[in-house]
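Note that the chains are named A, B and C in the order they appear, and that numbering of residues resets to 1 at the start of each chain.
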């Protein structure tokens, strides 16, 4: 089989897989299903191009690929739209703080907002699986730290945490440090914070993945 | 708007509609949802051509249009997928009690749940290796005590049992309601159980050992 | 005294008091807390939050709290603590600098800068929340496959569940447990009258010695009176019939089976 034909077959296969799938598929999942030796990376690049600007586009969310409708066509989708559960302002703010500052403890969330987290803020986010318990801070009392889930990324169409809007500007402005000094080094939310014990020492991915899968199947 | 651009928009719109729809759409349905005057027939013809020979094709079945994966790629779709099992409510509850109250006997689980534990519930948890027999209670009848396993910790992302969220976190998550009795406490599963005899994993039971030896010698 | 006025501490006063119960949130005209009020006031200065005039801000806040207190007598402690703290900060900002600053007090400018920074942080988070809210969201602006094709599913040993679900399950039951009261089911007894009527009906057929166990109804293991109740009621009824001279009973020794038969006075006589 000549090279281009091989590549064409691979794009067809990935196209079919992603179209049929209920949720995003990671590169590894795609590789596992395709014949050995398929150039998945190249084919994904081809597909991206092929679908750019179309009514259905190839998107990279939560470190996985999915087809989705173009966002400028939202007006067409009135029948498909689910009435989303509206997050309260407090819940939205809390979600933003968790997303940008993770891992973050409840006390830290409260410090940023200047009010005590009330009932129905954190638990709504946990229940919607936008937020999860990540680990424990290595500080007195070992408070639980919170972080976002894969379904958070999927919901907001982010490929990963560094894709959060305005992240870079906030970082340079020092606005993401939990301590007050403005010149403080900003922790990378992707990396495990140094003073955090993993809830899962060797396979933190498992938990994350799992939640993603869960969300996809519901 | 020039004609081709108009036509291109219509193909995009139909693409998105058919992709997101829960089932095939008839031409009339498509016409109804698109802006008035859209050339639906022409756009459908364009789309048919665009997708011909791809991994996903536009198909006309039972007087309606839908995207479907190409016939020759059916082998990709039948790939088996490991679906995580959903724990039944009873199993979830039993697991929660074992996690917090371990070591705990079957009778004690039933006392908390207020219903008889069905044999299947514990069996499922044992089979999933979330729960294990831990030892025997030093009380009449020497009932078997149950506890959680390492894979339980792994699954829930806990480094050890003391990481199990306690009352403080339950409060944080908004789970503890105010009408709980004042003496409500969540036990510490990490506490050493003094009234428990080990099951002795190396030499589980004389009986078992004996049979093993017997079988080996014959 | 100065330590208590550190900005990182002042919000916790009311919070710790409310720790055991519901958080007390007094919604003052839509503001969730003093920091949100300050932020709204600071925005009206139309400068970079970090260049904010804390003096102006303090004045505005104090006026706000005055007004709010006028309308609502029970203003949350948080708001008043913040007001007191701002008044203190303002006085320190206005006072000429001491030649030798007291070591335990941070310079007022630094405290003011920290407050400005906190406001900037909160503002950034609100903007972030807004950006997330208005951006494309799944099933609101963008849509996935409406009709995913079935992929054959095989059961596996992996299972779904997260800590939150586990905690919810646990609490749900403990709550149930605490509400449950003990209601013993009254045992159902076999009425004596029924036993007597039944014996009378059986009497014509009981001309031979029959063990009590065979006379008493067998009963069903799941519902109705227990076997013991059937036997006991039948025995009592039979003793009554013996007294009335309609029946004979005998037992060879203690704990042995009891035998019953109809009394055939005319026949034997």
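Definition applied: contacts are C-beta pairs under 8 Å (C-beta built on N, C-alpha and C of every residue); 3 or more make two chains touch, one makes a residue touch a chain.
The structure displayed is predicted, hence computed values, not measured ones.
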item: Contact distance in steps, from chain A to chain B; value: 1
item: Dominant interface by contact count, named by its two chains; value: A-C
item: Most central chain, Cα average position; value: B
item: Label of the chain whose CA centroid is most distant from the centroid of chain B; value: C
item: Chain centre separation in whole Å, for chain B relative to chain A (CA means); value: 19
item: Inter-centroid spacing, chain C versus chain A (mean Cα positions, whole Å); value: 31
item: Between chain B and chain C, centroid-to-centroid distance (C-alpha), Å; value: 24
item: Of all residues in chain C, the ones touching two or more other chains; value: 22, 143-146, 149, 151, 158, 160, 162-164
item: Set of chain B residues in contact with two or more other chains; value: 16, 19-22, 69, 77, 79, 83-84, 156-158, 165, 169, 173, 175
item: Residue numbers on chain A that touch chain B, as the complex places them; value: 11-17, 19-20, 33-34, 53-56, 67, 69-70, 73, 76-77, 79-80, 106, 117, 119-123, 126, 133, 135-136, 144, 197-201, 203-204, 206-207, 210, 213-214, 217
item: Chain A residues within the chain C interface of the complex; value: 19-23, 59, 66-71, 74, 77, 80-82, 84, 87, 89-90, 92-93, 95-97, 99-100, 110-119, 126-127, 129, 132-133, 154-157, 164-166, 170, 173, 175-176, 180, 182, 207, 210-211, 214
item: Parts of chain C lying in touch with chain A, wherever the complex brings them together; value: 8, 11, 14-15, 18, 22-23, 25, 32-36, 78, 114, 117-118, 120-122, 124-129, 131-133, 135-146, 148-149, 151, 158, 160, 162-164
item: Contact footprint of chain A on chain B as seen in their complex; value: 11-17, 19-22, 33-34, 54-56, 67, 69-70, 73, 76-77, 79, 83-84, 154, 156-159, 163, 165, 169, 172-175
item: Chain C - residues contacting chain B, complex; value: 21-22, 143-147, 149-178, 180
